[in-house]
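Next, two complexes with subunit A in common: one pairs it with subunit B, the other with subunit C.
Up next, the complex of A and B:
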C-alpha cells in the first residue's frame, strides 16, 4: 500500500518541480502560487506514505536508506513550507522541490523491503535520535540551497547582466543572513542528535562513544560546521566564502549519510 | 642579583604572553577544527584496532610500517590526535577567559544618555518630529516611548537631560554568554572523557544458567537465572533477554531482566547483553533409555538424568550419573584425551558413570548421532542409549565502569543550554532621545542586535511605526 502512495508522492513532486521551473522563466506569481499548492499536496501525500509504511512495518520507518532518504526529503519540504509561510521567498521552492524529487528518486532505486527491527534498535531513542538528526540535516540542506542561491545571485551582479533569476532571488545580504540562520538551527540539532546518539550507545554498548564510522562522520561534520560558524562570527567569513563553505559542508554531510547508511544495511542495521 | 631575577621574570612573562597570544587566536580555532575534521577521516579509511599482522597483510610491509609508526591503526589514541585535542581545549579556555571580563563589563554597562549622532549611526535608526499641537511635550512622548518598548518586553532605564530625555532599553543580555557556556560545556565533556579513560574499565563475562560468577574488579557476584530469546512472527530474533541477580556477601541484593538496550547497573558497573549461546562443556539434562541387548528391545520408559545428579534406574540395581559433555566430540590419539573440536553442537557426546549397587562399573561415552557403537555396560545384558539432551544456555555480558560518564552528560546539558542562549536569545539594545525643538519635540531612536539582523529590522520597524502612529494621533 505504501508503495502506491510513494509513487503518487514522487509524481506529485515531479509536477511541482516542473511548475517551479516554469516559474523561473515566466516570473508569474500565479504560477508560483500553483506550484506551492502542489508542493503542499505532495507533502500531504508524502506524510501519508510515511505513516502507511510505519503502520505496515509496526515501527517508525527510518531503519534503512530508502526510508531515511524519504524522511530526509519530507523534512526538507516541511521546513521549507514553514519558512515560506514566514519569509515568502518565492524562488526557494524552485530549489527545494527538485532536491526533494532527487532524494525520492534515489530512494526509489534502493531496496524497499520492510525489515523488522534488530534488537539493538528496540529503543525509544530511535524515535528521538533519528528524527532530530534528520531534521538537523534538513536545516543544513536549506543552508546549502541558500549558499547556491547566493552564488547564482553573485554571478548576476558580477557579470552585470541582470536578468533571469536575478529578480526572483533575495538580495545577497538576505541570502547570507538566511544561510547563517539555518546553520544556527542545524548545528544545535546536529549536536543534540550526537548527544542523544551517545546516550543510546551508552545503553546498548556501554560506551557513549566508540569511534564507529557513523560517530566519526557526524563528528567530522560537526567540526566543519563549528569552523564555519566561528569563521562567520569572528573572522568575517561572509558572503561568497561562507556560501561555498556551506555547500562543501553539506556535500560532506550528504556523502557520509549515503555511504554510511548503505554500508550499515547489513547485520548491524541502522544504528548510530 | 635582583636585576637578574627581574630579567628572568620579564623573560618568563614575555614567553607567557606569547603562549597566551598563540592560543588566543581564532585562526588557531579554525586551523584546529579543520585539521581535526581532516585527520578524523583517516580513522574511517584505515581499520582501527586490528592485530598488527592485519596491516602488514592489507598494506604491504613498507606502507604498514608507516601506518603503525604514525599510529593510524589506533589514531584516536595517537599522540598527534591527542595534541590536537589539547590545542583545541587550550584554545577554547584562553579565548573564553580572554574575552569574558570585557563582555561581562559591557553587559552591565548601561549608557542611557547618548548623543543623537550616536543613535543616527546605529544599524537601525529613525528620527521624526512631533508638533506641540499633537501633544509633543518631552514628558508625555518619553512615557509613550517607554510604554511601547515595555510592550516589546524590553527592560528600561531613562533619565532627564537638559534639553529633553534619554531612554535606554535592552533585552536578551544572556544571549551574549551562550558561546561561553558552550565552551565551558565542551571542556566539561573533554574532562569527563579523560576521567573515563583513566579510571574506567571494560570487561566481558559469560555465565551459564543458574551459575554465579565473580564480577571482575568488583566485590560482588552475578548469577544468571534464565536466558531466553523473543522472536518475531516471521521467525527473526526480536530480543535477547537475561534474568540476572546480583549477589553480595552471599545474599541476593538485586534482580533484573536485561536485554539489548536495557542494562543492569550496580555500584557504578553496567552489565550489557552482548551475546549468548549453548555451553560446549556441560548440559542441563540428558534423556536416556535402557535396552535389553539379547532381545534387542527397549525396557520401560526413557528417563531424564540431570547434570551431576545420580539417578537410579527403576526396576534395576543400576544407577547413572551424568558427568561429562562435549559439543563436538574429539579424541586425541596421542594424549588419549577427549576434547571438543568446536563450540558448535555438531557431534554431542555425554559421559555417564554407571553404578551397580552403588559400585561404579563403567564410564562410557554415548553419542547422540551414533547410538550403540560401543557396549556401554560390560558384563550385563543392558545397554544405554542417549536419546536427547537439553543444553545449558549461557549469556555473554559486557561490563563497563566509566566514572566520567555523568560528567559528560552534565556537559551535554550545559551545552544544550548554551546553544539556546547563543542561537535563540538575541541581545537587543535600543536608545531613544527626545529633544525640545522649536514647535514640538524631535525623537531619535536607534537600536542594534548582536546577530540575526533581519529579525531585528522587523522588530525595529514595528517599534518606530507604533511610535509614529501613537504620538502623532494623540
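Up next, the complex of A and C:
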C-alpha cells in the first residue's frame, strides 16, 4: 500500500518539476500557478505516504536512509509552501521541486524494508532529535537554493546580459536576505539537534560524545555554518561570498548525511 | 449597427501625412459635430496623437460608413483622397476586426514602443470629448469602457508593460534588481547631462532617499541640487563621499577615467561590502570598467544599458501572445452583449417571459378553482392569453419599428432592463454590462 503512495508522490513531483521548468522558459504566471497547485497536491500525497509508512512500521518512519530522505524532502517542500505563501518568489518552486524529486528518486533506489526499532534505542529524545535535525537541514536546503539563485542573478547582472531567469528571479538583496534568514533558522535547530543527540547518546550509550563519524561530521557542519554566520554578522560577508559558503555548507551536510547513513556507521547504523 | 474604424498610424503613414490629418483638441467639438452631423455617422470618437489618427464610428452600413468617414477625413482637412494618395495610408476595420483593433491600440500593442501606457490616456481623453459633445452613444460607451478595462486587464495579467524600454528607466530597474527596495538608498550624480539627470530624476521618483550632486562648477551643482532637492558637494571631494552612496551616476566631459578600481576596492571595504551600482553615461567613459570585477560592485555604461533595453523589448514581445489571447476572449464577451441588443432575440425573450408569468398565474388560479367545467377553464385560459398578448402588442410593434432607427439600441436596452430579460441569459451579460 505504502509503495503505491510513494510512486504516486514521486510521479506527482515529476509532473510539478516539469511544469516548473516550463515556467522558466515561458515566464507565464499561469504556468507557475499550476505548478504550485500540483506541488501542494504532491505534498499531500507525500504526507499520506509518510503517515501510512509510519502506521505500517508502527513507529515514526526514520529508521533508514530511504525514510529519512523522504522526510527530508517532505520538510523542504513544506517549508517552501510556507515561504511561497509569505514571499511570492515565483521562481523558487523551479528550484525546490527538482531537489525534492531528486531526493525521492534517490530514496526509491535505496533498500526500503521496514526496520524495527531496537527497543533499547527508543527514547523520546530520539523523537525530538531526528525531526529537529531534519527540519534544520530543510532550512539549510532553502538557504542553499537561495545561494544558487543569488549566483545566477549575480551572473546576469555582472555579465550585463539580462534575459531568461533575470526577469524571474528577485533582487540580489532579497536573495541575500532570505539566504541569511534561513541560515539563522537552521543554525539554532542544528545546535539543538546536536545537544538532544548528545543527550540521547548518553541515554543509550552512557556517553555524550563518542567521536562517531556522525557526531564528527555534524560538528564539522556546525563549525562551517557558525563561521558563515560569524562572517556575515561581524566581517560583513554578504552576496557572492556568503552564497558560495552556504552552498558548500549544504554540500558537506548532504554528503555526510548520505554517506554516513549509507555506510550505516555509528549509532544510527545500529538502527538498521 | 456596425462598428468601423478608419485611421492611419506610424506604421502606415509618414509624419508629414500624420500631422496634416491631426485633430487639435481645441477644435474637436466642431470635428465631432461635422462627423456625426454631415456624414450619416451615429456615434463617433476621434483619436488624434502624434503617432496615429483614428476615427471610430458606429454606422448602419459598413461600406457606406467607411466611405463616409474617408470623405470626412479628406474634406475636413482639405486633402484629396486619391490624388494625394491619402487613401493609400488609411487602414479600415469593421465589426470584430474593428473591436480587436481598438482593444489592441488601447493596450499599446499597436504602439511604436510595445506596451507603452500613454496611448490609453490619450484614448480616454478622446472618448471624454466624444461624451462631452454628444457624439458617444450606447455602443461607443460600451466599446470604450470595455477597451479601457481590457487594457487594464492586459497590464495586470501580462508583463507587457513591466520592463523598462528607456535607458534612464532601465538604470532604475537595474538598481531595483540589485538593491531590492531603493527607498532608503542614496545616490550621487557626478557631472550633468540630459540622460544622467533623467536617470537621477527617475531614481528620486522611485523613492531614493537622498541625492548628492557634484559638478566642476560649484554654482551649477548648487543650482542642480536645488532642482533635485539634493545636497551639492565639491567636485574634487566627490571621492570622499562615495562610501556613503549606493548609486553613482557619472556623466562628465573628462577625457579619462575619474573612478579607479583601487579606490573602489577601498570604498567597498569601508562599506562592509554593501553593494554599489555605478552608471557611466559619459563618452568617453569616466569609470574604469575593471571595477565591475570587484565583488558587490556593478558598473553599467551606456552600451550596457542599451543592451538591457533591447533585452526588455524582447521580453515584452514574448508577452504579446498572452495579450492577444485576452483580447480574443474579451471580443467574444463583447459580441455576446452586442447580440443581446438585436431586436429579434429581445422580442422572443419578452414573449417567453410573459408566457411564463401567464402560465404560472394560470396554474395557480386553476388549482384553487377545482369545480370549474372544462369549458370554463378554457375561457379563463383564453382570457389570460389575450391579456398577455395585448399588453405585449404595442411594445413589440414599437420595438420593431424603432430598432431600424438610429436610437434603436436604446429602446432595446431599455426594454431588456425594464423586463429584466438579461437574467435569463445568465449572469454573464450582466457582468459585461457592469463593464
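Please note the rule applied: the second predicted complex is superposed on the first by the 263 of 272 C-alpha atoms of A that agree within 3 Å, B and C clash if a C-alpha of one lies under 4 Å from a C-alpha of the other, contacts with A are read in each partner's own complex, and residues count from 1 in each chain.
Criterion: a residue touches a chain if its C-beta (ideal position, glycine included) is under 8 Å from a C-beta of that chain, and two chains touch if they have at least 3 such contacts.
These numbers come from a predicted model, not from an experiment.
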{"item": "Clash-or-fit label for the pair subunit B, subunit C on subunit A", "value": "fit"}
{"item": "First (subunit B), second (subunit C), both or neither touched by A:240", "value": "second"}
{"item": "Winner by number of subunit A residues touched, once subunit B and subunit C are compared", "value": "B"}
{"item": "Touching partner for A:153 - first (subunit B), second (subunit C), both, neither", "value": "second"}
{"item": "Which superposed partner A:28 touches (first subunit B, second subunit C, both, neither)", "value": "second"}
{"item": "First (subunit B), second (subunit C), both or neither touched by A:174", "value": "both"}
{"item": "Distance of closest approach, subunit C and subunit B, by C-alpha atoms in Å", "value": "5"}
{"item": "Overlap of the subunit B and subunit C footprints on subunit A, listed as residue numbers", "value": "174, 177, 235"}
{"item": "Residues of subunit B that touch subunit A when the two form their complex", "value": "26-27, 29-30, 33-34, 36-37, 40-41, 43-44, 48, 76, 193, 202, 232, 234, 236-240, 259-263, 270, 272, 398-400, 402, 405, 408-409, 412, 415-416, 419-420, 422-424, 451-454"}
{"item": "Subunit C-touching residues of subunit A, taken from the complex the two chains share", "value": "27-29, 153, 157-158, 160-163, 166-167, 170-174, 177, 235-241"}
{"item": "Touch list for subunit A against partner subunit B, complex", "value": "116-117, 119-120, 122-123, 174, 177-178, 180-181, 184-185, 187-188, 191-192, 195, 198-199, 202-209, 211, 213, 216-217, 219-220, 223-224, 226-227, 230-231, 233-235"}
{"item": "Sites on subunit C touched by subunit A in the complex", "value": "157, 159, 163, 174, 176-181, 272-275, 292, 295-296, 298, 300, 304, 307-308, 311-312, 314-315, 318-319, 322"}
